[in-house]
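After this come two complexes, each holding subunit A, first together with subunit B and then together with subunit C.
== the complex of A and B ==
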């Protein structure tokens, strides 16, 4: 019980401290602004540990974070193998291929009214296919290894990027395009110099959404046949073995990887769309 | 009026529940003849005779019986011994109270054209294995053979096989896991002649581990009322099993009636029941300690990566079957 009451007391104290910090003048400092969410996260972990230990929750229902941390430390090589298989081999190539194809198709759609009317609805249809439905089929087509996972990711990321890119290409107004025309710029010159840069904020919107979709796609696809490595494989099989600490370790790695991937794309966005009002507003 | 009727209905249920004792059974897999004994006991009123109200919950590819019982979703589960012992070592104290399946129905089925004639030919091949707690017999077999499961020329490439036979039909694997009563016939039904197949029964390879047994949580057994309930449950279930063995076609039809998904077919279930009857034959329901010891030895003999690291203590009890089967 000491664990339960201790963690609850710490939670109350830390929350009070956080509220005071956020309201005080100290919140102007960068260090304090970072400390507030960090303290909040640490408190959650301590509370989790305290409740699990205090109430004697079975480790096969919910392991305490300390056990998960120990498992991460002990199984680093295994987690790395899974990370390479799922993220580097499955999610990333699929992401690059899917997003690249979506941008190319968006330009084609922009050029041709026929594609605009014909392809977009079909793209919508593809996007509505459930991943649990297409994953087994793609495994059958592309085999058990990462190729089929990358294919699932392509299907998942293609449409959000396409829709955003099509909207982005339409973002310039008549006046701007007329101006390019008075300078006798051709289609491609206008595209590269005016319309693509103008489309970037929209494109990055899609790219950011696609980062987490790619991760989910690659992990879920591994549930439907995979070699004996990969995060999805490990999560689905470790549950059957009641190795819940390993499942949580994989979840932690996946969450970290997903956040890092998203952060990386957001960082690139900030560098490329520095001119956009949404970026300028930040100091 | 409607509310009045529902209240009356609920009152009726409550009264019924007070008289009969409730037991929730979690199956290892979907409704099929593999579990005929329980459905037969239900339909033939064997549970009613004992004063039990039994709820049979079907399983599926994403349901691990160990997890269901850990979460309090069932009183008793059907599981394979390797998975139950591994769970016991992980801190879920499962105890075997009865063992309706005497023999193992698991085998590895290979296409003859892939050149696998004996276990020595596995090296360098891709083998399909079920996971989710079903991989233990395979892993201990490979450990006994001294074949690493990490791939390469000297090892075998393992792929996580879905619960179907596609990898063999698609030539993605040289061999796949099958059960004598189910997937083997799916391969045959897919148009592959029996003569084109090479099968390795775990039973013949000396690495057979006990399959469908009944497991409960250790601490609940300490309660005499629960123990008494399990005695009744095991007695009625075994009566169901023996009836199913003797009347396989009727048992298959009972299973079909209980299949809410409608996915099973009559011919498939009749064939499955005939095969399952071979596995339950020779079992009274009481666990044969020699079979248990063999299973533990197989699981411990996993070389560098054994399925369980120490011989379990108190992982079975004969008390229930001793009382139930006098």
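== the complex of A and C ==
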């Protein structure tokens, strides 16, 4: 019981500290702004550990964070092979191919207003569909290995990026385009110097959505068949063996990889669209 | 508005026809191998027109032709009793009920969290980064575990799936609702202050109405997400009902036509749900005097 009450007390103290910190003038400092969510995260972990130990929750239902940490440390090579299979081989190539194809198609569509009017509603519609459902079909077509996972990812990221990119290419206003015309810029010059840069904020919006979709696609596709490695495969088999600490270890890896992936795209965005108001406002 | 809708019909129809044509061409191209193999095994020559005819009506095609999918869809939706386990209506209903419960839970949680974030600075600073981080986890990875753990605790059926779809649908609502509740500018907030409005009055009379367009934009995203959650929630642990289970058993037995029919049902369901939210949005915004 001491675990439960101890962790609850710690949680209350940390929450009070957070409220005090957020309310005080200290919240203007960058370090404090980072410390508040970090403290919140740590208290969640402590509370989790305390509740599991204090209430004697069976590890088959919810393993404590310490057990998950131990499992991560013990099974590093296994986690690494799963990571390589699912993320480096499945999600990343699919992401690059799907986003690249979407950008190219968007530039092509952009030349035809007729296609734009027809394809955008259809694209918006497809982007809202449960596209994960095509996973079993693509696994049948491309086999069990990473190719089918990459194919699922390609299809999943294509339409969100396409819709955003087409909207982005339309984002320049008449005055700017006329200015390019008075400078007698050709189509390609106007595209490279004016319209592509103007489309970047929209494009990155799509790219950021696509990072999570890519991970989801690669992992879910493994439920429909995979070689004996990969995060989705490991999760579904470990659940069957009630090895919940391994499942949580995979989830932790997935969360880290997902955050890193998203962070990387956001970092590139900040470097490329430093001129945009949404980026300037943050500094 | 009317002008824009009519001028969009022709391009959309063109695109849809192009997709259909590509689909038929793909069906011929991908199924031709099987037709040729069959002919070679039987030791007969096969002409091109025979190949095309064969690819349109195979039992287990690599890519079923659109009319095969339509026929299977029609058979399992209209030709089967609704209570039968072969009826897509029944499977769709199972998925839809989980989606509806999950969507209601998720959007309610999202709205409450957004209200907390807007009103408490501590919550804004401590919870918001984690809400964002929670979405970079492919949360569907947890789906099989949630199902198995809850079933080991004796909770089965609708609720586990609803929890997964709630988890997927709450985040878009939080983000949109926070943005919407913060949409009133400083001038409007100052005005309410000069009128001596309390925090609650500011919330009910200014912030909440101002957030409605943002809320509905998010709800459209999150209802589609909760359908995905419900379908994925049906994949593990050998679920026997629902569109996800239909996909899985189709994939086990190589029944491609069945998979495609289930996909079509899921697509129609998603479209109907998004359309429903859009209709509610139009009515609500018009009655609040915010119709665009």
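Simple rule for what comes next: the second predicted complex is superposed on the first by the 265 of 283 C-alpha atoms of A that agree within 3 Å, B and C clash if a C-alpha of one lies under 4 Å from a C-alpha of the other, contacts with A are read in each partner's own complex, and residues count from 1 in each chain.
The rule is short, and it goes like this: contacts are C-beta pairs under 8 Å (C-beta built on N, C-alpha and C of every residue); 3 or more make two chains touch, one makes a residue touch a chain.
Since we're looking at a predicted model, the values are computed, not measured.
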item	value
First, second, both or neither for A:87, with subunit B first and subunit C second	neither
Partner chain in contact with A:59 - subunit B first, subunit C second, else both or neither	first
Touching partner for A:109 - first (subunit B), second (subunit C), both, neither	neither
First, second, both or neither for A:239, with subunit B first and subunit C second	both
Contacts of A:130 with subunit B and subunit C, given as first, second, both or neither	second
First (subunit B), second (subunit C), both or neither touched by A:140	both
Which of subunit B and subunit C A:228 touches, first, second, both or neither	first
Touched partner set for A:150, first subunit B, second subunit C, both or neither	neither
Per-residue touch tally on subunit A - higher for subunit B or for subunit C	C
Shared subunit A surface residues [contacts with subunit B and with subunit C]	60-61, 136, 140, 224-225, 236, 239-240, 242
Subunit B contact footprint on subunit A (complex, rising order)	58-61, 136, 140, 143-144, 224-228, 233, 236-237, 239-243
List of subunit A residues in touch with subunit C within their complex	15, 18-19, 21-23, 27, 33, 36-37, 39-41, 44, 60-62, 114-119, 121-122, 125, 128-130, 132-137, 139-141, 211-212, 215-216, 219-220, 223-225, 231-232, 235-236, 239-240, 242, 244, 247-248, 250-251, 254-255, 258-259, 261-262
Residue ranges of subunit B in contact with subunit A within the complex	62, 64, 66-67, 70-71, 83, 86-87, 90-92, 131-135, 149, 157-162, 166-167, 170, 172
Of all residues in subunit C, those that touch subunit A in their complex	7-8, 10-16, 19, 30, 62, 120-122, 124-130, 133, 135-142, 144-145, 148-149, 152-153, 220-221, 224, 227-228, 231-232, 235-237, 243, 247-248, 250-251, 254, 256, 259-260, 262-263, 266-267, 270-271, 274
